Amino acid sequence: MKTIILRTASNYLLPVLLLFSIFILLRGHYLPGGGFVGGLIAAIAFVLHSFANGLKNTKSLLRFHPGFLMPAGLALSFFSGLSPIIFAGDPFMTGLWYHGHVPVLGSVGSALFFDMGVYLVVVGVTLTIIFTISEAP
Amino acid sequence: MNIFIGVVITLGTLFVLLAAVGLIRMPDTYLRISVNTKAATLGVGLLLGGVAFYFYDLSTTSRTFVIVLFLFLTAPVGAHLIGRASYFIGNKLWDQSKMDDLRGKYQRNSHVLKSEIDDTPEDNVDHTKM
Amino acid sequence: MKNRFVSNILLTFVWVVLTGDFHFSNYLFGFVLSYVILMVITKGSRKAKYFTIVPKLIFFVLYFVKELVKANLEVAWEVMTPKLNMTPGIVKVPLTVQSDVGITLLANLITLTPGTLSLDVSNDKKVLYVHAMYIKDKEKFIAGIKNGFEKRILEILK
Amino acid sequence: MEILLAILVGLLYASGIYMILRRSLVKLIIGIILLGNGANLLIFLLGRITKGLPPIIPENSKVFLEAYADPVPQALILTAIVISFGLQSFAIILVKRAHKVVRTDDLDEMNATDEDS
Amino acid sequence: MISAILLGFLFAILLVFAGKFFKGKFAVLSSLIPLGLFVYFLQFIPEIMEGNIVKESYNWVPSFGVNLGFTLDGLSLLFCLMITGIGFLVFAYTSAYLHHHKYLDRFYGYLSVFMAAMLGLVLSDNVISLFTFWELTSISSFFLIGFNNTQEASRKSALTALGITGLGGMFLLAGVIVLGNITGTFSIAEMLNMSPELIKGHEYYTVAVILLFGAAFTKSAQFPFHFWLPGAMKAPTPVSTYLHSATMVKAGIYLVMRFTPVLGGEEIWNTTLIVVGAVTMLYSAFHSLFRTDLKGVLAYSTISALGILMFLIGMGTTESFTAAAVFIIVHALYKATLFLTTGIIDHQTGTRDVTALSGLRKVLMPVGIAAIIAAISSAGIPPTIGFLGKELTYEATMHAPIIATILVVGIVITKILLLWAGFVAGIKPFQGSLPENLKDTKMPGPFMWVPPILLAVLSLIFGVMPFIIEGSLIKPVVSALGGEAGEIHLALWHGFNTVFILSLVTIAVGTTLYFLLKPSAKLETAVGKLESASPKSLMEKFNVGFTYLSSFWTRVFQNGYLRNYVFIIIFFLIGMVGYTMIGNTKFNIDPSILSNVSFYELVVFIIMCIAILFTVFTSSRLSAVVAMGVVGLTICLVFVFYSAPDLAMTQFSIDTLTVILFVLVLYRLPRYLKIQDHKMRIRDGILSLMFGGLIAVLALEVLSEPVNTEIGDFYAENSYIMAHGKNVVNVILVDFRGADTMIEISVLTIAAIGVFGLLKLRLKRTDRVQ
Amino acid sequence: MMQQLIIYPLLFQLFLSIVLMFFWNKINAQKVISITGSIIAVLLSSYVFYYVWENGTQKVNAGSWDAPFGIVFVADTLAVTLVLLTALSGLAVSIFSAGSVIKDRLRFGYFPIFHFLLLGLTGAFLTGDLFNLYVWFEIIIISSFVLITIGGEKAQLEGAVKYFTLNILASTIFLTAIAVLYGLTGSLNMADLAGKVAAVENRGLVEVAAILFLIGFGTKASIFPLYFWLPASYHTPPAAVSAIFGGLLTKVGVYALIRVFTLIFVGDVFLGEILMVLAILTIFSGGVGALVQNNVRKVFSYLIICHIGYMIAGLGMFTEIAISGVIFYLIHDIMVKTNLFMVSGIIFKIKSSNSMRALGGFYANYPNLSLLIFIPLFSLVGIPPLSGFWPKISLIGEGFATENYWTVAAIVFASFITLVIIAKLWAEVFWKDAKEIPEKPKFEYFSDISKAKKTQFILPIVFLSLISLYIGFGAEHIQLLSSRIANELMNSEQYIDTVLNNS
Amino acid sequence: MTLVEYCRIVILPVLAFSVILILIRFFKGPSIADRIVALDLLITTGIGIIGVYTITSGSSTLLDTGMILALIAFLSTVALSYYLERRSKKK
């Protein structure tokens, strides 16, 4: 759908949506949101872009295969779940927290990294699925 | 203050209602799109304005602001797309419409939109021929 | 470079408004964040003069709100009265704005204004097709658009 | 409202099964989605519903100051929804592929694997 | 003893690896194994004669009460000697019979496995280990019958034999387990030590007996399970000799004998054995008249002999036990001889058709001698041991506890017919003039003709000198069966009495019959017409019927229609849940616990209902997708109204994505089919509504129960203090129940990989089949 | 650290899957990683097994949240046994996959998904939380969906549509059951539920929940009348996939039934009767189904159903001995069914067909391989002393003891029919003369492949056959294990104590 | 009458009534485009309802859902239009 209006709008919506998705991701621990919704919004942003500009453009924008985000995100989540075993001898998934207030984010702990992993996986999964379908004959 | 909020909200609600009635009453798809995009966007904008004033704190205000902003950004694009698609799938204009400058300008297969009618009529989207 | 910087600042503000946290650290964070995002997505940029736009922008917004309310009442009247007095149709509006942003802005504003709906822009960017509810005089209608929204947009984007 | 929600849940289950019982692949998927929605709503309903009190601790407090909705069913549903999404995407593609290879939308014609060979 | 048993298995395993080396001229050496074992078992005779029992036990699965317990008493010893003795001759005979056969090594492997299993069977004290060896004999027999496995007939016979004996095996398994339940032990010795009332008075006694009989009758080819045995003659003759006349078929006899002291003496036990034995012996003796294949004649006469044995054991007297013990030896000797000679005839002339054979004495004299002696023994003519056996049998029958006269008539007729069969197999081929085409028949090598001679000679020796076996074998057997061994005195001459008269009658009538009735193909076909009512055809018909039922059942349930499967499952669910709910639930929905409904909630409800119905009934796929968007939106609103913003967000995002997905694939899919089947729709509609209704009622029922929010409260209390988060739902997702989320993102990843593979992977045509 | 040991097999499988995904395009590296990883997984699981055997039931509170609040992983003897069996099957199939699965499939994530499947199985056995079990089930079914469709051949897709629909339906019913149970008790922890369900006054609702679980898990376990997905699909994917499916997928349903009916819904007479009737019908349907099949893999598929019936019957009897029989059978069946589907794979590789009509001549041409295959085949039949025999002693004995004569009849019938079917199969595939069927062009026949590849085909079969032989001849060990498990299951207080006691 | 009551008794029912009107259009169609427009309006109205609902329930966190709705609702429209165009190309 190569319409000028959609293309232009999507070029401006893309960064806004991405920003919004990270906003949703980071506030998740305190307010509605989190890795899932955040990831979904980010993915939707790219999907919108691909509708407007064609898949090729969106892909070249990403520079790497979205599929790569899946193992990366899984690894991030997995290791943040594993970190208490490695660093504290606590059971899997036990929260490790930096004691002190970090601006913007509030408390920083393994849960945050876990949620980031979720975010990456969701983006990777959604984009892989949708891009694959779009490319399919 | 509450009265002011009440008025704003009432206005917003009326615009939403207006859009709904418009959606029912308008005779063709393009007119419905028209009503939808405007009245509802304005109505919801007003409603959310009321909400912002009601809570009167920064977080609510910024949220309502963001919602309205997003609506204003996306609604017209959506309207454009669905209007365009309607034209392609052959939704006719209301029979009392005055003119259709778009007739014969879309190319059926490439979906290219021309500014003037050219000499490839068989490929053009023309509702009168459908 | 400049363009990117401007976008960056703009996005930083969007971030701050989004989060509703006006501490300095949040500006910084927002700046870094939008920098990263821009870096990820940068492709084909546009030039804009950031500092001259602001005042024009404010006037422009006011003008738009005025048009919005006016036209909405018009439509309300149309919908609420039992008889339909419309004279709708699709009008071809020649474009003076040539930039994609300008065209898009114009089209969207037209759509947001009640009674009119931008259907599409021709591929050669010469013409905007507008569906309107009240076309009493085609030329007048076109002129209204050209002297209203388009003129202001051209000024802003100059 | 619980009664209405219960009816809704029932309706979602019923329509889901009805769609699955049809012969069309597309209807099959729609049925699965409806059924999934029904299950999610059922968890939600049976976790007891509470109006307007989301389980989010107020800004300046460390604990809840008033009643709140049970967060557990919500978390469960969230997980279930996301899983359903994964399954549904796969289902949609499976159907697309099946249609392409088997060349029918009619499930009744997809019975070669049950026949003895 | 365990090493005696293991030897056979070890030899078989050795053959797997060293078979090629062994196949050649060393084959005959393998007969040293049974010979060695024979000698080994011989040395136990003195100990057994003294009335001792040799025991040996190894732990195996003590938790089940299963051990490798072996007991050597008179009964076991008799069988062991038979197994190893005849085994020795068969092993030797085989080396010549299947000389240079491609798969000779396999053959010996099966044979030695069989021998080992058979030894284990008769030595086992533990019924589970007995069952184990029992099954092994069935399996090795399967392989031996199917030895010529490229012939369809061989395969079919092997399958039939395995089917029948396998069925018996199942009876045995159930039987021994019931016995275990009754007695609390799997050891036969311990069962013997229990008070008989306890066992025989037990409610499962009859069940146990029936099950054991099921096992014994199938294995020992009793009517109506006898038909597998003639079929088993498809096996090479050494197999027929060894398994299907001398040893394996006697496993059922052994089983009944073994359990006689434990279970015997009750009316059901005795009567069943007598009746089944009598029917079998008469039925198959008659049948042997109508065979032209030598092996067929022998097979039916074997079945008949097995019937006689059952019949004798069933009478349950010391006399009958003695007769049985002697007859086992008699039968083993003469029947093995006849099989071996038949094998030689077959091997040397290429035919077993008795109508085509005559005058072979001229070319196969030594074989003829063996065969004739065996025939005489079979006819019960002195001085062979056969005479002794027949006399004892008549004697015992005359003293039968019930209907003695009728039984005597039966046994005499049987013996007459068996005499005919023995003569046909042992004398007929050697009598008369040698046909032209058999003139070139050559004598086989000594490994083939010496074994039958040896056996025949034994028939004579034991007949003349019965004391050799009296103390060493017969008495211990009878006492193992619970008879009074002291009363036994074997002698060829019992004086001129009724029994002797009956003997004379038997021989006279039998011989006359032999001269009057010649085996003929005409007769065979005439009788063949009655075949349709035989147990075999009935079983085959049953088989066909059962196969038909099986396909029918399978086709009804597994019919290929997905909607059928779903229908059945939901129908089942409704039935089960509905039944439980109607039976148990009190429809006590408490209205006070339910919140009231506002107008806007009602509207959301109505929208959702309409949207759902629209989704279901619209004829356009796209409309359905859009309507699902409406459903999603209303669910989202419900989540908002009832305090679940996270859910609302996620639901909505995912609904949007689903719409996108649909849209991306939809135009590649066909339109809905137009199938107007109102009946089906109504049926499905009713089922669906019942299902939905059930779930709705269930939901309301659950809602009337008290709530427990302990866990939610814990999360709420600790969410910020312990887990540093204020959005409890999110804290649950990434912390309290983070493991769920970890798995869940894996699920998503897998789904994505699946989609990727489904759409991107195109197998090359050459790979498609792999 | 030591106490957390029990979830290491689980974490390790996840780790493996992630690592394998990073090696997306490097097939040979994936093979090496998968096989090495599977060996490590076996060692790890063995150690965990040993640890639990020595020290009794262990638990790990994920996230350090006490039960019943967090998700708890519980390793009782049953769980670790099944984890170990999963690892063993996994190792065998991993090697078999390396040899038998074609390159194209490997290039599209076969190995990562395979280990995800093992992860799901491991997790399902270890979790002590009902909803967490649901999530593990989902990972199992989604990976099985992917594995069953990988390659996307016509038959695969047709089978997959049914497999997919019916399994999703089962999951939804499972989820419904969880909703009901949560609505009644407010808990998801199984040990906690044990107490709370017992305290619910409205027994009717508890029974309904139990039936919903029965149907949900029953579908996965493929009992009558819920098994339809299995014969429709199991023969369609590559043999390696069928192998892991045939060995473990239905068993996880059985496991769930055992867990739920020994821990949460204990000793309901009505349910016991239902289970009994279903068991008989399951045995019958599976048996007669297998009897009329002509495709080797379909025969095995139906036999899975048939033998699931044994386990359901034992569960229905609900005595300690019967349960020990169930466990023994479970252990035996996992090993032998995995093996048999690999056998079907090697058969296909040799003759490019699985139809009995087309097969033949194996005994003449591959005598040693035939003897090898004889072991799993007749283990399945339960010819003593091979492995399938022993549990029948418990099951038949308890059938009599609990006066379930029809069940005894069914078990005996099934044993018999299995014998007949396998004998028939033996006669057709191994004995019958090889039919001259035209060679498929470009099909890579067994005789054409390299020695190393042949090893990858045969080694896992040898491996599992040896285990089967061990189960048969070392039945004492297995029976000790089964009795201990049965004892733990029938006396669940210990399990509950371990989970809920947070000292 | 407080503002909250006013919202509950007047505003929400009126919005709900609007929704019913929109639904009628959704039902009537006639074109698929009309249904899409109706869905779009339904979502927009939904945002309004959520806004008012935050007033009646006093919980402004629920507004967050509105943000998502506003931002991505239009994606459905984009996708559906995309579909309609591609389908029309096919003819």
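Letters are used for the chains, namely A, B, C, D, E, F and G, taken in the order the chains are written, and counting of residues starts over at 1 for each.
Following the convention adopted for this analysis, a contact is a pair of C-beta atoms (placed from the backbone, for glycine too) under 8 Å apart; a residue touches a chain by one contact, two chains touch by 3 or more.
Molecules present, by chain and UniProt name: A = Multisubunit sodium/proton antiporter, MrpB subunit; B = Multisubunit sodium/proton antiporter, MrpG subunit; C = Multicomponent Na+:H+ antiporter subunit E; D = Monovalent cation/H+ antiporter subunit C; E = Multisubunit sodium/proton antiporter, MrpA subunit; F = Multisubunit sodium/proton antiporter, MrpD subunit; G = Multisubunit sodium/proton antiporter, MrpF subunit.
Everything numeric in this text was worked out from a predicted model, so none of it was measured.
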Chains in contact with subunit B and also with subunit F, listed by label, are A
Chain pair with more C-beta contacts, A-D versus A-F = A-F
Top of the farthest list for subunit C, CA-centroid basis, is E
Computing the C-alpha centre of each chain, which chain sits at the greatest distance from subunit G?
-> E
Once you find the CA centre of subunit C and the CA centre of subunit E, what distance in Å lies between them?
-> 86
Cα centroid separation between subunit D and subunit E, in whole Å?
-> 49
Please work out the Cα centroid separation of subunit D and subunit F, and write it as a whole number of Å.
-> 27
Touching at least 2 other chains, the residues of subunit F are 14, 17, 21, 62-63, 131, 135, 138, 142, 145-146, 149, 152-153, 161-162, 165, 169, 176, 180, 183, 186, 188, 231-232, 292
Give me the residues of subunit B that touch two or more other chains.
-> 21, 33, 41, 59, 63, 66, 73-75, 77, 80-81, 84, 111
Residue numbers in subunit D touching two or more further chains are 20, 25, 28, 38, 42, 46, 48, 51-54, 56, 72, 78-79, 82-83, 86-87, 89-90, 93-97, 107, 110-114
Which chains are in touch, pair by pair?
-> A-B, A-C, A-D, A-E, A-F, A-G, B-C, B-G, D-E, D-F, D-G, E-F, E-G
Can you list the subunit G residues touching subunit E in their complex?
-> 8, 12-13, 15-17, 19-20, 23, 26-27, 29, 32, 35-36, 39, 42-43, 46, 49-50, 53, 59, 61-62, 64-65, 68-69, 72-73, 75-76, 79-80, 82-83, 86-87, 90
Flag every residue of subunit A that touches subunit E in the complex, lowest number first.
-> 24, 28-37, 40-41, 43-44, 47, 67, 70-71, 73-74, 77-78, 81, 92-93, 95, 97, 106-107, 109, 111-112, 114-115, 117-118, 121-122, 124-126, 128-130, 132-136
Contacting residues of subunit C [partner subunit B, same complex] = 17-20, 68-69, 71-72, 75-76, 79-80, 84, 86-92, 107-124, 126-127, 129, 131, 133, 135, 138
Listed in rising order, subunit E residues that touch subunit G in their complex are 598-600, 602-604, 606-607, 610-611, 614, 620, 622-623, 625-627, 629-630, 633, 636-637, 639-641, 643, 645, 648-649, 652-653, 656, 659-660, 663-664, 666-667
State the interface residues of subunit D toward subunit A in the complex, per the touch definition above.
-> 54, 56, 78, 82, 86, 89, 93, 96
